Structure formats: C-alpha cells, structure tokens
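The letters A, B, C and D name the chains in turn, as written, and every chain counts its residues from 1.
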Amino acid sequence: MSVVADLESLAAQVPDGAMVAFPRDPCGAPMAFAKALVRRGARKLHYVGVPSFGMAGDMLIGAGCVATIEAAGGTLGEYGTAPRFAAALRAGTIALKDATCPAIHAALQAGQKGIPFIPLRGLIGSDLVKHRPDWKTIDNPFAAGKDPIVLLPALRPDVAVIHVALADRHGNAWIGRERELLTMAHAARRTLVTAEEIVDRDLLADETMAAGTLPALYVAGVARAERGAAPLGFLDRYAEDGAALADYARRARTADGFAAWLDENVLARRAAA
Amino acid sequence: MTETAIEELLIVTLARLIGRVRHVATGASSPIPGAAALLARHRAGPGMTVSVLGSRRHTFFTNGGVELFDCAGQGRLDVFFLGGGQIDGQGNVNLNATGGYPASEVRFPGAFGSAYLYFVVPRVFLFREEHSRRVFVPRVEFVSTPGVSPPEVERRGGPAALITGKCLFLFDRERRRFRLESLHPGVTLEEVRDLTGFDFDCPERVATTPAPDAETLTLLRGAVGRDIAEVYPRFAERVWRISPPKAA
Amino acid sequence: MSVVADLESLAAQVPDGAMVAFPRDPCGAPMAFAKALVRRGARKLHYVGVPSFGMAGDMLIGAGCVATIEAAGGTLGEYGTAPRFAAALRAGTIALKDATCPAIHAALQAGQKGIPFIPLRGLIGSDLVKHRPDWKTIDNPFAAGKDPIVLLPALRPDVAVIHVALADRHGNAWIGRERELLTMAHAARRTLVTAEEIVDRDLLADETMAAGTLPALYVAGVARAERGAAPLGFLDRYAEDGAALADYARRARTADGFAAWLDENVLARRAAA
Amino acid sequence: MTETAIEELLIVTLARLIGRVRHVATGASSPIPGAAALLARHRAGPGMTVSVLGSRRHTFFTNGGVELFDCAGQGRLDVFFLGGGQIDGQGNVNLNATGGYPASEVRFPGAFGSAYLYFVVPRVFLFREEHSRRVFVPRVEFVSTPGVSPPEVERRGGPAALITGKCLFLFDRERRRFRLESLHPGVTLEEVRDLTGFDFDCPERVATTPAPDAETLTLLRGAVGRDIAEVYPRFAERVWRISPPKAA
C-alpha cells in the first residue's frame, strides 16, 4: 500500500466543507495542489492560512471553493492586495475569521498537543477580538490581581496541505526548517504532500535528514509536483515568476479577468488531459 | 542618482532610531524597515541580530514562522515595525479594513503579527510614506492593534515613533500622544498640520531630519540594496535600479 | 567576542540558587558539565529534569548541589533506582516537585512562547496534583458543561544545559531531532552547550544542518567536552559504559560509598588540574 | 533453552492482546512491553508503527520527547503500557512512593507519562511480573494515575488488562474491576487469590494462558531479542544471553 498518488487523486481526498490548512507563500505554497482543487470543483472549504494567504488562497476564493477564510492576512506581497478576497468581502460571499499570526500558530500548536485551548498575550483592545466570538477573555488564574488574557480554541484542520522539496515513497517529507509545516501536519487529521522530487531512499534513515523530516505516520498521500509552488518562488530551487504574478494581480481585479485567467492557467490543463 | 530619495531618508532615519540593539525583526511588506535594520547592523557590527521576514539569508530562525513571535514573547526582540492603512493620534493602527467590516469598501492586507507584537516588543516604529488625512485620522475605523492599554493589561511594548514621508514623530507614552520631532528637508509645520488628521504636540522650534551623508548613501545603494533585493526585488529595482536575483 | 569557553568557566556561569534545566539521559546527558558543577561547589540549584533525570541529577543531589528537584521521574534505568535521590527524600534534604512528562514539556513550551500558563488533559485524580499547589484546576471555559482541566504555569529556567554532537564557533549547536533541547533553550534565559566537537564552519549556512540547529542567539557559552555524556551512551557515537554505571549504582547506595566515588571520579580531576 | 521463560510468556501474551493496530508505544523501563510491541509488528507486517522509547532504530519521532505525548493527545496512539510499584483493584497505579510522601521509605522511579497517557490512550496494558500482596494492594498509597474517573472528567482511555507472572486479568470499565481471564501454566486460582491484595471477578472456569509455539519462540529469541537489546542490553542478556551491542 503506497501513499504515492497523482496530483488529481490527491486533491480528490479533500471533501467539500473540509477545514484545510495551507502554509503562507514563502514556505512553499502548494499552488499546483490548489489548482487541482479548483479543477476538482471543491466547494465550501474552510481555508486556514498558516498564518496568512497569498495567491493560492485568493485563487481558491475567486474560483468559488471557499466558504470561510481564517488567516492573519492576505496579500500578493509586492504585487498588491488579494483582489478576489477583497471582492468576495465586498460581495459578502465568504465568512471571515480575521486573526493575528501568533494566534494561528498557537491555535495549531494547541491542536498538535490535543489541548482544548491556549492563551496568548496581546490582543486585548484589538477589534479582532470583537469579531471572534470563539476567542474568550478570562482573568489569568495565576495572577494576584486583575490580568485579562485571551484564550484561543485549538485548531484541528481536517486536512493540511504542504509542498516540500523532497519526499520518499513511505510518505516521509523533508520540511527543513519550515517547522510550521510539521505543526500543521501534527494538528491536522490528515496531511497531503506535494513534492518537487520523490526519492527512493528512506529520509528517516539518515539522522541529518531526519532532523528536518515530517514522518509518514502523519501523511495520507504524496504526489510529485515539479515546480509545484510556481509562479511563486520555492526556497533556493526557483525564483518567483514576476511576470506571471503581475499578470494574475492585474487580471484578477475583475471577475471577468479572473475567469479568463482561470480558464487559461488552471482549467485548460484539465481539458488537455 | 545623487539626490536623496524619500525612501532613503526614511531608511536612514529609522536606522538611526534603531541604534545598536540585540535583535531587530521586520514583518511582511516592509522593505523600508528591512533596509533600515540591515543598515543599522552594518554600522553596529557583530553581536546585533537582524531577522528579515521572507529572507533566507537574513534570518537565524530554525523553528518556523512561530519563532519570531516566541522570541518576542521571551523578551528576545527589541525592535519591530508596523505600517498601517490608518493610524491615529493614540497610536492605534488599522491594518484590516475601512468602510464597514467584515463587508468592507477597502480591505487592507490584515493584522498579521501586529495585534501581538505591538504589546510585547519594547520599541515599535510605525512607518507610512504617504502622509495624508486619509492615513493619519482622528480615530481609526478598525483597531487592528491599540497604541495604548489600560493599566490592568500586561503590556511591555508599544509605539516609539512614527516616520512618514514628511516628518518624524516620537510617541509620548505618558501623554498617549505623538510629539513632532523633526520635519524632513523642505517640509513646513503648516504642511504637516494640514495633512495630519490627528492632534499632536509640537516643540517651539522643530528640527530638520538630518539627510544621509555620502558614505551612508553609498552603503545603502550598494550592500544594503543588494541584500534587501533578495526579499523585495521590485522595491530595490524601483529605488536603486538593482536587478532582481536570477532564478536558480 | 567568542562564546567558546572551557568547561570549568562554563560551569562558573551557573549561579547558586539558579533554576537549571537538564535533558533526560538518552538525549545526551551533560555529564561532564554536571561534574564541573560539582567541582565548582554549586549550591541550592532548582534542577529541572526534562522530563526526567538519571545519573547526572542523582550525582548533583548526592554532592549537595540541589535544593529542589522538579521532574517526572528519576532512575538509573537498567541499573536501578536513583540512590542519592531516594536517600535525600528519606532525609528530607531536598524539596520535591513531582510531575508527569508531558507536564514538563508543556510548561517549557509555555515558557518558550512567553505565555503564563498552558492546559493539559489527564492529571485529574492523580495525587501529583495534590502536591503541586502551583498547578490550578479550572473548568474549561470552552465547554458547555463541567469540564475540569489542569493549568500548568510556564517554566522559564535561568539556565538550560545541553550536550550536542556538534557546535560551531558562533555558538550554533546541532541538536538533530532532539527537539526538546531547542524548546529548553528557547524557554531558558540562557543556554550553555557542551559539544563533542566544535567545528569551524557555520552550521546555519547549510540548509540541511540548519534544520536541526539551535541558533547562537540563545546560546551564552559553548565548551568542548569529548565523551561529554559518558559513562552514559551518546547517540551513535559511543555506547554506555555498563561497568561504570553499575559501579556508580552500587557505591552510591551509601553516603560513604558515594563520597568515595565522587572523590575518585569527579573531584580528583580538580586536584590533578 | 527450550523451556518458555516467564518473560517470554508475558511478551507473547501482550503481543496477542495488542493485536494489529496503527500505533503502539512503550515508555521508560519497559523491556517486556517493548519486545511485545516489536513481536506484534513482526506479525502484523507493514502499516503498524511501533515506538520504543530510547530506541534510535524503532522510533519515527522527529519532534523530540514531546511527540509521543502529542501523538497520544491527537488520538494517534492506540496502545501503551504501564508498570507499577503498587496497583489496586480499581486500576489505580502508584509509580511514586510508599511509606510517606514526599519523605518516603521507598521511592519508585516516578510517574513519568502515566498521569497523562492513562487518560488519553484507548487501551493501556498494565504489567508487573512480581505477583504479590506487596504490589497488588487493596488501595495504592499514592495515586500516580487513577484507573477510573468521574463522568465529568474527559477521559478516552484507561486500563484494558493487567498481566503478571501468574495470570492475566482484563479490566471491566463498567464494573471498575478486574476479571481473571487466564492463569499461566501451572498456576492455581487459589495461589492467585492468596497473592492478590484486591478483589477481582472470576469466571466459573478459568482458562490457561496459551504457551508460545516454537515459531514464535524462535522469532523472539532471534530478531525480536536482538532488536530490544539496543535499548535493554541487560534484559536481553539475562533472558536470551544476547550480547550487548558494541560501542561505535
């Protein structure tokens, strides 16, 4: 029983309505996977950006795959705001769970530990708290006087999706120092991995590689996706494709422009297949 | 290019404010603070750590994205920077939206780490090049993170200064207000009053923000520019015509 | 300004009365460092075993260095109980903060995050809770009905001491997959490192090594200690010295036997120096 | 060595109880459970994960010592084992001390992970070779971890069985009591009653614990024995005369 699959069947493992955690862009956006999700016509996803989102999230929102977005922010970086996200907010077609980066990280760490909640400093007086009825402010039970502190409920995504440089045939995935990928995978019920390369050796057999490896126990499926983060850059492997990102940022400003972009860059691949 | 660009003035001024500390970090969409931190380190020499979010060369983190926030929580981060879609006179920052919430006319990128770091990092520098009543408002529409907190709220950090395309304000934590520190070359107090939607304190004589010397400009346009181009290629190209790094 | 120092001056950086965290034996016991602490005559330490202790902790207790011991357990493994620990308990000469492993880990993670406390499941009904007035049981604020849960205060040791295979001259230390060493170092105010080898290259310069590296920012001092975990084994580098361990276990059963062992194995080195 | 050693009977019986699951882990000072888990995996084949604490070969953990507990908290650990200085008829376990606390006449190693794992791992097997009234008491002197909990306490795990040098008990969670399942070859019910300080349920006819077959013994004395010798060299040497591994 191998965990290695092709990209489209990996995307088929994400049910409609699932809570799906994606890493922020510089950690390796699973862009190829996100496109496969669009092709499979995923619906009503609860997208968790760890801790934020970029082009992958914006595209999934534009393609109608997302019911709820939970993140500390969304941006195309130097290419401007996330246009389909902004449009969906204006239109009121998605639910918004705005957060702050350390809250997303801490809530996932709580999920990883199987604890029901975790406290976080800061936050008090921020309007974020007003709009997050799932966060609770209590008085720190260890303080002598009044000491309000926010408690965050644990996040346990149904699926975590990550893109890595290397995976092996057992399902071990080398994440290097992008440790939030490990936290996501521990916190999630199942993890789907796309990899630039799938190698024959066992990544856990070598102590140096093992130090940066997510073990197969957490991994439900692995698919090869060469240049799987493009047009974003990926580690030292490839730089971002600035022209492609600018093209997306420009065309996604309108619904029609986005639809045409999607046809050309995502759906065409299904037609060709 | 011999004239000082406004971005250069901002970078040099921020670098001066940072001074020599143990550890400075910058967040998302922060090319000017990133360059300022790298410049400050060039001057400080070894022993000063700079973490530029998104950089693989200028980061020592080995525990993922959470390490920046954990570091701050441990008291191991001395300086951070925040921009803002709106900023008001109490140092409140809006990074989320204007014109309604959650259905907003204008959506900004989001709070990112602000709602935490503003509380725990001792000195936070606010920066926004655009100096207008659209940005500097009497009261932000959405408080992504507050400038001040009531005494029962644990808070060991907050705003230290605000730098704009026109001037530099320092934040007075006692008075909970900004105080004009210096006007950039060629800018008048009247102009700043006109363009600022909030009240601020003002000394009788306002200094002029010092322009960078030639040596600093050379450093900025050379080593620092090339360094920041790793993370902000378009910024480096626009300001210094430094070409983006080649794909591997 | 180099962080590289010799072992005795590293041990001099631990003040009397400090809370000092040590890893459990199989993670690389900083045994050479513990012996240097005995030689420097350290007193009133609050020893935190992460999450338990073995020969190093037992020896420090026997040598009179420890006022309080906080750990989930103490044992010489196959060589029996920790004899000086048991004797000190009988004599009432040390304070005891008995814990359970995940409580030590979680409290250090809370220290690492700078949060004042962290919840943990289990524990309720255990007599451990009765003897830990610093732990507080509350009702989970996120539960509809009654749902008691224990909150642990964060642990922030004054010093963490770790032993690693490799460190570099900047103070970066390769911890491999022993991630609790990283958590200890993040949670502690300062970390002291002993290393089998100190290398000239920068451990953070290579992405593969960086994935398993504790950055120098957390490290106050590094000393070379070849066979620094002996007589315990260390990773794949050397096996335990069973004869030496059995000798300790046997002689440490009595105060006199222990004193003689200490003279021969620890203090003699100072006299010779 | 053709006779079955008591350790072998215990290992084989535990392996049978484990059956085929996703993930079994063993804790500190657990050579018999460790060997049982490895034997169970030998039989189950691929897809079953065994984590032996202290082993570098039989562990997939890459997040340090906390990962075992996190795994359990996530619901990713199916079976665990606990010994005990004292065990009582409600499944309460004392791993800390007898004769006073904290100043104790007898100090045991400590609670280790028990006060957590006993609550969250669905099936926990208790094991203790010494079957005596010293160990199996009416009520433990110190509850390191309780066998049962009131309904308001979240608990998804607990004792499944207790194996000793004399017999096998199963734990009835409804009745909160042990029930004798089988006597080891040559042991009588009367002997067990004499040596057990707590009350337990007993069927009319008590089965005999099945002895291992020749094939299983060969496996145990070969591959499994060599595997467990990595972590428990003295145990492997004593039971099977397997030499400890050489220093590198």
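Everything that follows uses one rule, which is that a residue touches a chain if its C-beta (ideal position, glycine included) is under 8 Å from a C-beta of that chain, and two chains touch if they have at least 3 such contacts.
These numbers were taken from a predicted model, which means no experiment stands behind them.
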item	value
Most distant chain from subunit D by Cα centroid	B
Subunit A-subunit C separation of Cα centroids, rounded to whole Å	37
Gap in Å, rounded to a whole number, between the CA centres of subunit D and subunit C	28
Separation of mean Cα positions, subunit C and subunit B [Å, integer]	41
Inter-chain centre distance, subunit B versus subunit D - centres from mean C-alpha coordinates, in Å	58
Touching two or more other chains - residue numbers and ranges from subunit C	106, 109, 113-115, 120-121, 149, 177, 182, 210-212, 235-236
Contacts with 2+ other chains: residues of subunit B	61-63, 67, 69, 73, 120
Overall pattern in which the protein chains touch one another (line/ring/star/complete/other)	other
Those chain pairs that satisfy the touch definition	A-B, A-C, A-D, B-C, C-D
Subunit C residues touching subunit A - in the complex, by the definition given at the top	106, 109, 113-121, 136, 138, 140-143, 149, 151, 153, 175-177, 207-212, 235-236
Touching residues on subunit D, where the partner in the complex is subunit A	23, 46-47, 49, 60-63, 67, 69-76, 120
Contact footprint of subunit D on subunit C as seen in their complex	24, 26-27, 50-52, 71-75, 77-78, 81-82, 85-86, 89-92, 95-96, 98-103, 105-106, 109, 120-128, 131, 145-149, 177-183, 233, 235-239, 242
Of subunit C, residues touching subunit B in the complex	1, 111-115, 182, 186-187, 204, 210-218
Partner subunit C, residues of subunit D touching it in the complex	28-29, 54, 56, 61-67, 69, 73, 95-97, 101-120, 142-146, 149-150, 152-154, 232-235, 244-248
